[in-house]
Structures are given as structure tokens and as C-alpha cells.
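Chain nomenclature is as follows: A, B, C, D and E, assigned in order of appearance, with residue numbering initiated at 1 for each chain independently.
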Amino acid sequence: MPSTITLPQNPPPLKAESKNLDFYYGDFKALKGINMPVYENKVTALIGPSGCGKSTFLRCFNRMHDLYPGHRYDGSIHLYPDEVDVLHKSVDPIEVRMRISMVFQKPNPFPKSIFENVAYGLKVRGERNRSVLEDKVEAALKGAALWNEVKDRLDDLAVNMSGGQQQRLCIARALATDPEIILFDEPTSALDPIATGSIEELVGEIKQKVTVLIVTHNMQQAARVSDYTAYMYLGELMEFGETNDIFMKPKRKETEDYITGRFG
Amino acid sequence: MPSTITLPQNPPPLKAESKNLDFYYGDFKALKGINMPVYENKVTALIGPSGCGKSTFLRCFNRMHDLYPGHRYDGSIHLYPDEVDVLHKSVDPIEVRMRISMVFQKPNPFPKSIFENVAYGLKVRGERNRSVLEDKVEAALKGAALWNEVKDRLDDLAVNMSGGQQQRLCIARALATDPEIILFDEPTSALDPIATGSIEELVGEIKQKVTVLIVTHNMQQAARVSDYTAYMYLGELMEFGETNDIFMKPKRKETEDYITGRFG
Amino acid sequence: MAIAPPDAIPNPTVPLSLGGEARLAEFARLKKARQRREALIEGLLLLAASVSVLTTVGIVYILIRESISFFSHVPLWDFLTDTQWTPLFDDAHFGIWVLMSGTLTSSLVALAVAIPLGTVIAIYLSEFAGHKTRETLKPLLELLSGVPTIIYGFFALLVVTPLLQKIFPELPGFNVLSAGLVMGVMIIPYVASLSEDAMRAVPMSLREGSYAMGSTRFQTAVNVVVPAAFSGIASAYILGISRAVGETMILAVAAGMQPTLTFNPMEPAATITSFIVQVALGDLPHGSIGYQTIFAAGLSLMLLTLCFNLAGYWLRKRFREAY
Amino acid sequence: AQAQVVKIDGSSTVFPITEGVAEDFQKAKKGAVKVTVGISGTGGGFKKFCRGETDISNASRPILAKEMADCKAAGVEYFELPVAFDALTVVINPRNAWLKQITVAELKAIWEPAAQGKVTRWNQVNPAWPDAPIKLFGAGADSGTFDYFTEAINGKSKASRGDFTASEDDNVLVQGVSSDINAIGYFGYAYYAENQGKLKALPIVNPKGQAVAPSEAAVLAGSYEPLSRPIFIYVNAKSLAKPEVKEFVEYMMKHSAKIAKEVKYVPLPAKAYTTGLDHLNKGKKGTVFGGKNEVGVTIEELMAREAAL
Amino acid sequence: MNAKKTLAIRTVIRRARRYDTLVALLGLLALSIGIFTLAALFIDMAITGIPRLNSEFFLNFPSRRPAEAGILSSWVGSILVMMVTAFVAVPLGIAGAIYLEEYARKNWVTDVIEINITNLAGVPSIIYGLLALGLFVYTFKLGQSILTAGLTLALLILPIVITATREALRSIPQHIREAAYACGASQWQVVQHHLLKYSTPGILTGVIIGMSRAIGETAPIITIGALTFIAFLPPAPGQLNVETGQAAGLFDWLWSPFTVMPIQIFNWTSRPDPRFHENAAAAAFVLVLMTLSMNAIAIWLRYRLRKNIKW
């Protein structure tokens, strides 16, 4: 079944684009021919019922699946402006991950200090200069709206913070390396409403600087934070369009059923 | 906030009743002053958002919490006709459990043969007579609509059956001892739709003989199988009434919000 | 081992000016370079992992090499059927059964202590004891396995044997019984600790199922927990058996090293292990038949433990935890 | 650079003496010379000695023809220096009231290879003795004690029954005999002397028909026969070129008498030690026993032979 | 429910509960057998041995005079041997475990290694002694040296270290690895920056338990032929020899003859003079104290330190 893709009238510059993307967990085909644009400095939400392949799709962008044997990509995801295909086998997944950060469902700070958590991406990139590190950590923590809360205890263990703070820390960690895209996989599903609110706000802010791709199972959240929405079902992209359109006048019956809660 | 309890016009005989039931996990008060009737040979469904205390309440009936240190009851659950308070500390929890069976969320057959699984409760009750055991096992398996599928392989290991069969086996195990009440804690949440359907059917049948208390997170299921429904929220019983009433004309806004999916 | 960081910080690492094939080639080059480093590390790690294999190969090689020379002097048939073991005497006999009988008898005595006690302790700790009790008693029990075995040996000889002689006045000063009993106590923690781990790994839902049927702790333990944890418990037993069969110093010190073909624990006996140290204690004239004898004995011991380990492997495969 | 180490190995019987000398010597040299003393049994000691692995070998019997050949093949020449006399002691449990003395023939009946599995009760040896099981304890097959005892009793070195508790560790034997009323065992006199409370030494009927218990006097008088034996050290002639070895051996010859007494052996007359030194200085190598384990050599005979080298 | 049925059920329950009591009692009894043995052993040694424990006992070499004999050469020997053991077993064990847990793909090679490690853990220690004798002493000609003993014990405890490390690695949740990879870390960086750090308590526990096992091992050391009177210390690097004026090399001590605590104990107990048995008891007391405190530290580490790493 072909996807219903409604491109915006004046499309913003493309940041990435998946082309005929199939994905296999061993013999199981979890993604089926996904074609989808990702626009620069916009938030794109992936929605769909549990098991439809949202996370699978998201994790293709930073080649997270490479960590597990038997996981296989087919097709391509092009990154703009240089148009490199991140799934191409000559491309080092580590390089891809250096350009595309990720924030996970459950906050997963390293059991290290707050400072070291944020600085980690920089260290991996070879940055050793302490003052550069300090500046970038501060900027990232400010960007993640966490600086005021933690500036006096940068050496405390990150795992002793609250869930919401931990998730913001993970966002700071992802921001610190100036990525081109940040992937969010249900970043608020382990958080309470207040923490959720602050993360949503944050996503709205960081899109000034970086392109965001976010998986969520919460329709309201998708509606609140995203500019574009993709509805997936059974490994296929059913519908893609501007968020307002998708939620107000979905083109497909399936999308409408899902959005109105009649199903799922 | 007082519960909204709508008793039926011609109430059937009471089988059990919780009175001012509080429950504590250590310092955390998980149940707050629950008063609720359970009618004989009826199915009562407990619904409510995750974490509201449904399982906690259910497990008070067979004193399952006694297995863990620091879990504390306050209040009472009376069992009729003899009006014994199952929570009273002079009452032996083992005796309570012999009168009130339970079926769990995940099928949990013992690593024994099918026959021995079903016969287990009888053996615990001191039954040694092989022919009595055989008769009762057969009756229970028939009651759980499993007899035809397994009668030729009663000596096979129970863990080699499918999930749905295993859950029906657990029901047979619970039925075999002629309990007065059977508690179901989300018995179908680990099963596929077909297995779910057969379990729901089964619940409808066994209520001829035994009183059923069932926890479910699936509104449709509650509507389909139960005669009475209790809606719980944050450890409190919000509303109790006949299932039709609760689903058609809930008395409280919260109940309505939950049932219509506006929340949760 | 510090890994050189990827060359540049700004993204992308490959300049935008490059295009098409050249670009991909540059990517491939970078990837290769990193993969070489990683492959080198992986190789080193693999090397470390194979040390254990080399150890086994070394053991097997040494045992077999010396045993081959041994069996060129002593017919295998004699080795297996002779009822005397006097390899260093003028009238040399090489009946391994003499040592096997000692090994088996002492192991049986030890296991008769360790397996029931260890199992009961495991059941108690996992199903009966409260959290606090378990967390204090289990470590305390595990200390038992930390005592050097030579000390157990003297304990058996100087404390336990005299006590036993009060009960059995006929008991000789060196006997398998006393050594075996002490060895059993030494093995208890191995059996108990591993069995308890296996029992505790049984999911609570299974226990709840049993309790919900109205069973007691004992009924739950015996009918549900133990069968569910069977393969883990079997591994614990196998480890206990390997320990018993391979224990050396307790037997060397307290069991008398008397090579007689007997299964009576009330008598002194030599085991494979105690024979090896006994010879090692004295002389090891490299290349002599005496030297080769201990390797032949060692090979028999190795085969014996291998049998048990294979049995354990099979048991684990056959009775994988099914919950 | 390897430190200067004097390597000694061999007999457990001789060990206490060598160990004592080593201890005092190292103290006297303030740790500049290191001495290791191993216990491999006489036979094991000679194996290493004749491969040139040790400087000095302790021996509780003379070097045997086969060992001489080994040494020769490896080009190892040696000096033979007696250091003391020992009374190989046959012990029984102190509660054993019926055994007063024993003859060599009776010992042979108990210990000969043919007795294995057959002679298991005391009355099988001598009908006058009770119908009780015999519990046997003896030196391990690598020890000079075993060689000497089997030679003296059974007439052939290493010819013994095998079903007894054998140990290189004499204390194991002490423990065994002292805890069993039906036990009989044998080892060096020193171990008996230290454990007199736990053991009873059995008088042996000597070739002259007298029952003699082991004692310093009996050894000196030559009446504790055939179980009196000289014990030796053998010194590698090449090693003697090393100053520390030479120094050690000289020190040993001067102090053996005192230490032998301390560890309950019978010291040789002072002349024996000076003769030994003499041999060293004059380069008189070799053995006076001709590769045979002779039984019943008395102190005088030994002195005479050594003097004649 | 009628009264008769209730009564019947109560009888059944009461009967069943009797077994509960019985098993609880049996369990406690069995536990106390173990713990009493430990106590008896400890007290027995303490009573005999403690009077001998003074500074001289630790600073004297063994001697034929029981009152002057001490354990200097043996405790120094034990520590040196342990150093070699740790130096070999710890890096090898950790590296091997990292390979198996993080790198190895599922194939027959890893299967072989896997089965092999399980088997090695069950190989009697005396067999390691034979390996050392045949291989290190006679084939590689390392002699009866500290090096030989250290290597032997290292092989002996390798499976313990590997297993402990693997368990520690396994207990690190996958999401930590994913987080690190998502930051652009390479596989080795993930190991180096994260896995090794977070598994330290577990690894340490395994290493300590392995070392406490090694320090008490007697049989393999006897097998390599180290039952010897040693009244000197191995040469310290740079130590001047009074006679020759030569300085000892940095690693000379590796080739030095040695003795260790269990051997010293064994030696003393096999002496006729009962006063040596007091020495043996005292040395045994020291050894047991050493192993028990190592075990206690390991257990403490396992129960406490692990709690400090939260995910």
C-alpha cells in the first residue's frame, strides 16, 4: 500500500531523506519501503500503534542496529547537504553517530558525574582541552535548561538526579557535540507530567539549532511539539504531512481512526 | 473523596465485602479506605489507570501480600456466608487461599505435567486417591475448555503448551479445588486475541459455579465479561455499579473521562 | 590502551568538497583505519581468551604424553584390572582401581554430607529465611570455602578423628570417614550457594502460583521451586562432585594414603590425588616410571572429572530452566 | 645474576641435621649465602644430584650402583661424608601390651611382598599373638629408610608389601601408630625420640639373639642390629669449587656432631668428621660401599672403611 | 463452607505446616554445622597458635628451634607468588572475559572457549600442579621458582576471574552501551570508558576470591617440588650481594627458590616436636585470617559496592 505523502507547499530545506528503506530483524521485515523526508530545523514526529516500527525506523538513522548481529538494512537514508547515504556500507557507523545524536526512552545517564556525562561525546571526539570542555558543557546544559539546577554540583553522580533531570541531562549530552539531527525515542514515557512538559518545551527550543526526529505514542505530544508528523502502521509509512493537517484533516481513514483513539 | 457506589435494586447475595480497607507497601499507602461488595456468582471487574491499585486490592483477597515483608493491611474483607474476615490475623492465610483461587497475569504453570498441575491444589489439600484426582482433574480441564486438547497428553510438561493453553490450564488448576471465589489479574494481557476470546468466554461460563473478581485494563473486556464494575483511581474506589450503568451513564466525570479514553 | 581519537572534531569529517565516488572512498578509508585498530584490540582480547584453551591443551598434552610412555611399560589391561597399587616398589603393580576406590569412597562420604546439607541450607535460605537472615548467613557460610584445604586436613586429623574414635573405638587414626566428613563440610558452601542462586532465580510468579493454591512454604519449595531450578541445582551438585573428586590435601593429611582396594570408609585409603602429592612430596625423578605414574593417575582423574562435567553439561541442556 | 645458593636435597632422615647446619651457617654468614634444603627422599635426591641440579645430596643409605652410573654418565663426581648414625626404629602403640620384642624373621613375615593381602592378623605371624588385625605404617617408597628397611628385613631393597600406609612424612606415621593399638610402623629414631609418650619402641632381636631397644648407647655399642645405619651427605666435587659450598661443607663437618645430638641422632666420633674433611682436602672422591646398600655396618666398621679410602 | 470441611482443611494445613517447621529447623541445623565447624577450626587454631604470634614470628626465618622459628620467608614468598599470579591472571582474565562477553560472535570457536572455561573450573588443582611440573618445570625449564608457582596459580584462578568478570559485564544494562555508542564511541571506547569502570566491583570480587583461593593452595605447589627449607628472602631488585658485590637484577626474584605459607604449615606439622605444631597452628591462624579477610572483603564488596552503581 503506497504511503500518502503530502509535501508542504514551500518545503524547507531537506536535512535527511529515507529512500525505499526496508529493515529486517533476521527474517522478520520490520520496515517496508519507507520513503520520508526530514526537514532541517523542524520537528518530525513518528506516531503509530505499538510495534509498528517507529523505534526501528528511528534507530536506522544512527545505525544503532549495527550493534546487533542479524539486523539488516536495505535502501538508503541520505543526509543533506552532503548527500551521504548513512546506511552505505563504506560509511562508518561511528561517524554517522557523531553527526546524529540520540535520546532514549528511559533516561540513561552514565554512572559518572554530571560533567563527565555531558562531556563524554566531546571526549570521544578527542577534545581534551579542559576549558573548551567546560564551555561546551555549560552551553549544552543551558541548552537543556538544566544549568541553573546543576551548576553547583557538576561533580555529583548523574544517577542521583530525578528522572526528569536525568532526561534533560541526556539531552544536554546529545546537544553538547553540536549534532545535525537529534533522535528522540519516546523521551517522556518514563516521566511525570511536569517533567514531560519541560522536555516538550525544550524540544521546541532546540529545533532552532538542530533537526529533531521524535517517536511518541502520545498524540497530544505529537500535536504539541512537531511540525511534521508521520503515521506508521505495521512497518509501513501510512501518511506523512504537516502536523496540523494530519491531526485536523488526515487523508486516510486509518490515520483518522488512530488519531481519534478509535483503535490502538 | 467518598466513593460513588450504586447498589443494584435487587442485590444478589453477597459473597464478600471489603470494609474500610487500607493497604500499605511499607510507608506507601496503596489502598485508601475501600468499601466494596462482591456478589455471589457474578463477575466483578476492577478497572482503572495503571498503578491505581487494582492488583493490590485483588491480592488482598487471598492474602498474597503476606508473602512479602512490610506489606500491611488495615480494615477487613468479609467472606460470606460465614462472615469470616480473611484479613484478620487469627485467620490462616493458607486456609483463605484454599477457599479463594487466583489466576495471574502471565500464565505460570508449574514445571510439571499437565495432570500434576491441575491436581496440585487437591494434593495440597491432602487428596491422595488416584481415581478421585483423575475425576476432578478431568472435570476441571473440561471446565476450562481444555480437556479435548490435552486429554491424550496429560503427562506432557505444561510449559510446552501455547500461552493461551497455559492460561486455561491455570484456570483449570484454580477450578479444580472448587474455590468459592476466583481472582483474575489481567488474565489475558499476555495473550493474543483468539486466546483472549476463549478466556473471556470461559469466565462467563464459570461464574455459574463461582464468584469472579477480575482486573483488566481493557475497557471492552470489562464491558463484555462483567456484571459489576469498579473504577479505581490513585488507590481509591471512585465508582462502583452495574457494568451497564458504569459504561453507559457513569455518575462521575473521572469515570467517564477514563472510559471514553480521554485520559489514562 | 588509548585509542587515537578520530582526526577532526568538526562534522562532517569528510570535506564537503569531495564528491561522489571519491567521497565514498574517503569514507571507506576512514572506516578501515578505525577498524584496523579495533581489530587489533579484538585480536589481543581473543588471544587472552584462548589462554584458557591453551591451558586445557597443555594439560591434555602433558598428561597424555607422559601417560603414553607409562602405558608402553604397563599394559592398559593391567592398569584397569590389577587389584594392587605399588608402582614404586620392587614388585610393582599398577591397579588404578585401588586409587579409584579411595577417590570414590571419600567423595561419596563427602557428598553424603554436602549434598543433603547444602540442599537443605539452600532451601532454607531461599524459601524460609528473611532477607536479613539470608544476607548475613550466606556470606558467613561462604567463608567456609575460603579456608585453605590443608588446614581442613589437619582439622580432620587432629580434631575430627579423635572425636569419631570416641564413637567408633575401632576407627583407625587415618580413615576415609573423617577426611570425607570434613571435606563434605568444606563443599557445603559450593552446593548451597549455587543451589540457592538457582532457586532464587525462579520467578516469584511461579511461587505465587503455588501459594495461591494454598500450599505451605515446604510444599512450594519441593513441588515448584526445586523442580524449576533443577538444572541450576544439578550444576551445583556437579561442582560439588568435582571438588570432592579433586580434593587433595585433606585426604593426603587425614586419610592415610594406604593403597588398598576397599570401599569401607572406616579404613585408611589412598586416592588419586593423595597419591600424586605423596609422590610429589618425595621424589620426582623425571622420566622414570614413577614420574609417569602420577601423570597416568592424573589422566584418570581428569577423565573422571570430565565425565562428571559432561554429565552436568548434559543435565543442564536437558533440563534447561523452564519458567 | 643468580645469587649464591647452596642447593641441598634428598633424605628426610638427614634433613633435620642439614637444616640445622644450614640455619646456623646462614646466620653466621649474615645472609650472604643462601642455602635451600629440599626433602625428596634419598633416591629422589640422588636423581637430582646426578643430574648436577644440586650441590649436596642428603642420603640415609649409601649411593647405589645405578645411581653411581647415572652420576658417572653426567660427569658428576662426589665426596661421601658420613654425618651421623641412626637407629631405624620399629614402633608400636603404647597400649599394645602383648608385643615385647620382635625378630627379623617375624618382621619379614609381616612386611615381605608375599604377605600382601594375606598376612593381615597378628596370630598369622606368631600364634602366641592375638587374633587382631595388623595395621601397617612405613616409609614411602622413595625414602632411604624404606630402602634400608626392606634390604635389612626382606633382603632386597624396595621389596615390600604395598598395602600399608606409606608416607614420606614421618609424622603421619607417628600419628597413625599412636592412634591404633594394632599398629606397627618404622622410621628414623629422631621421630620416635620426639614422640616417646605416644609410641613404644619395639626391641629387635639382633643376630646374637639379644633383644635390644634402640638407643644411643645401643647404637654406639653396635648391638642394635641390623637396624643401625649411617647417614651421609654427598657433595658434588664441581660444586666444591664454589667457595660458598666448600665453606658450608666445612662448617657442617665442624658442627654436625652437636646438631646431630640436638635432633636426636647419634653423632659419630670426632675423628670421623676430621677424616671427612681430610678426604675433601685431599680430593678423595667416591664411595666406600661399592654401590651396595649394606646392612649392619657398625660405627667402627664405617670408621675403618672411611680411613682406608 | 460447612464446619466439618473447615475442620478437615485445618487438619491438613496443620500437618503440612509441620514440614515447614521441620525444614526450617533442619536448615538452621545444617547451617550451624557449617558455621560451628568454621568456628571450631578457628578457635582451635587460635588457642594453639595465638601465644606464638609476636613480631619475631613474622620477622624470623624458619628454624629447627621451634621457639625461634618464624614465617618471614613464607609470607614474603606467598606475597611474591601472589603478585605474579595477579599480574598474570587479572589482565588475562579480564581481557578474556571482555572478549567472550562483548566481542565474541556465536560460533564454534566461542562455544569451545565457553565449554572449556566451565570445564577448567572443575579441574582439580593437583592437575594444574602436574601441568606446571611437566610444562613449566621440565619443558620450559623455569625450575621450582616463584615464576613457576605464580604462573601455575594464575592458570588455576583464571576461570574464576573470567567468570566473575563476565557476570559483572552481563549485569551492565544494554541501554548504557547504547547510550555510549550513540555518543559516537567505538567498541573499545565503550569497553574502556564504561564497561570496565562499572564492572570493577564485580571484577574485584572475583579477583579477591581467586587470590584467596590461590594463597591457600598447597597441592600444586607441592607438585612442582617446592617443599624446601628456605631461610632467606628472594633478592630484592638492586640488592647488593655482600660476597660478590653484584647487584641483583630487577626480575631476579622471579627465579628465586621460595616457600609459601601452606607449605611452611605442612612442613611444621610434619615435624616430630609438638612445639612445631604450635608454630603450624599460629601460621595456619595467620593464613586463615588472611584468606578469611580476603573473602570477607570480597563479600562486602559484592554486597555493598554493587549498590553504589545505579543505572
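One rule holds in what follows: a residue touches a chain if its C-beta (ideal position, glycine included) is under 8 Å from a C-beta of that chain, and two chains touch if they have at least 3 such contacts.
All figures in this text were calculated on a predicted structure; none of them were measured in a lab.
Asks: Which neighbours do chain B and chain D have in common?
Replies: Common contact partners of chain B and chain D, which must touch each of the two, are C, E.
Asks: State the chain with the largest centre-to-centre distance from chain E, centres being mean CA positions.
Replies: Farthest from chain E by mean C-alpha position: B.
Asks: Which chain has its C-alpha centroid at the greatest distance from the C-alpha centroid of chain A?
Replies: Max centre-to-centre separation from chain A belongs to D.
Asks: Please give the pair of chains with the highest number of C-beta contact pairs.
Replies: C-E
Asks: So the centre of each chain is just the mean of its C-alpha atoms; given that, what is the distance between chain A and chain D in Å?
Replies: 86
Asks: Could you put a whole-Å number on the gap between the CA centroids of chain D and chain E?
Replies: Spacing between the chain centres: roughly 39 Å.
Asks: Determine the centre-to-centre distance between chain B and chain C, using the mean Cα coordinates as centres, and give it in whole Å.
Replies: The mean C-alpha positions of chain B and chain C differ by 47 Å.
Asks: By residue number and range, which residues of chain B touch two or more other chains?
Replies: Only 94-95, 98, 124-125 qualify.
Asks: On chain E, where are the residues touching two or more other chains?
Replies: As it turns out, chain E has residues touching two or more other chains at 13, 16-17, 186, 189, 225, 227, 269.
Asks: What are the residues of chain C that contact at least two other chains?
Replies: Within chain C, residues 34, 214-216, 219, 253, 281, 284, 286 contact more than one other chain.
Asks: Chain pairs that touch, all of them, please.
Replies: A-C, A-E, B-C, B-E, C-D, C-E, D-E
Asks: Under the touch definition given earlier, write down the residues of chain C that touch chain A in their complex.
Replies: Per the touch definition, chain C meets chain A at residues 5-7, 9, 11-14, 16, 23-25, 27-28, 30-31, 34.
Asks: Under the stated contact criterion, what part of chain E meets chain C in this complex?
Replies: 13, 16-17, 19-20, 22-24, 26-28, 30-31, 33-35, 37-38, 40-41, 44-45, 91-93, 95-100, 103-104, 112-113, 115-131, 133-135, 138, 155, 158-159, 162, 186-189, 192, 209, 212-213, 215-219, 222-223, 225, 227, 262, 265-266, 269, 280, 284, 287-288, 291-292, 294-296, 299, 303
Asks: Mind pulling up the chain D residues that touch chain E in the complex?
Replies: 1-5, 7, 9, 15-16, 18-20, 22-23, 26, 30-40, 169-172, 174, 190-191, 193-195, 243-244, 259, 262-263
Asks: For a test of understanding, state which residues of chain E touch chain A in their complex under the given definition.
Replies: Residue list for chain E touching chain A: 105-106, 173, 175-186, 189, 193-194, 197-198, 309-311.
Asks: What does chain B use to touch chain E in their complex?
Replies: Residue positions touching the partner: 82, 92, 94-95, 98-99, 124-126, 180.
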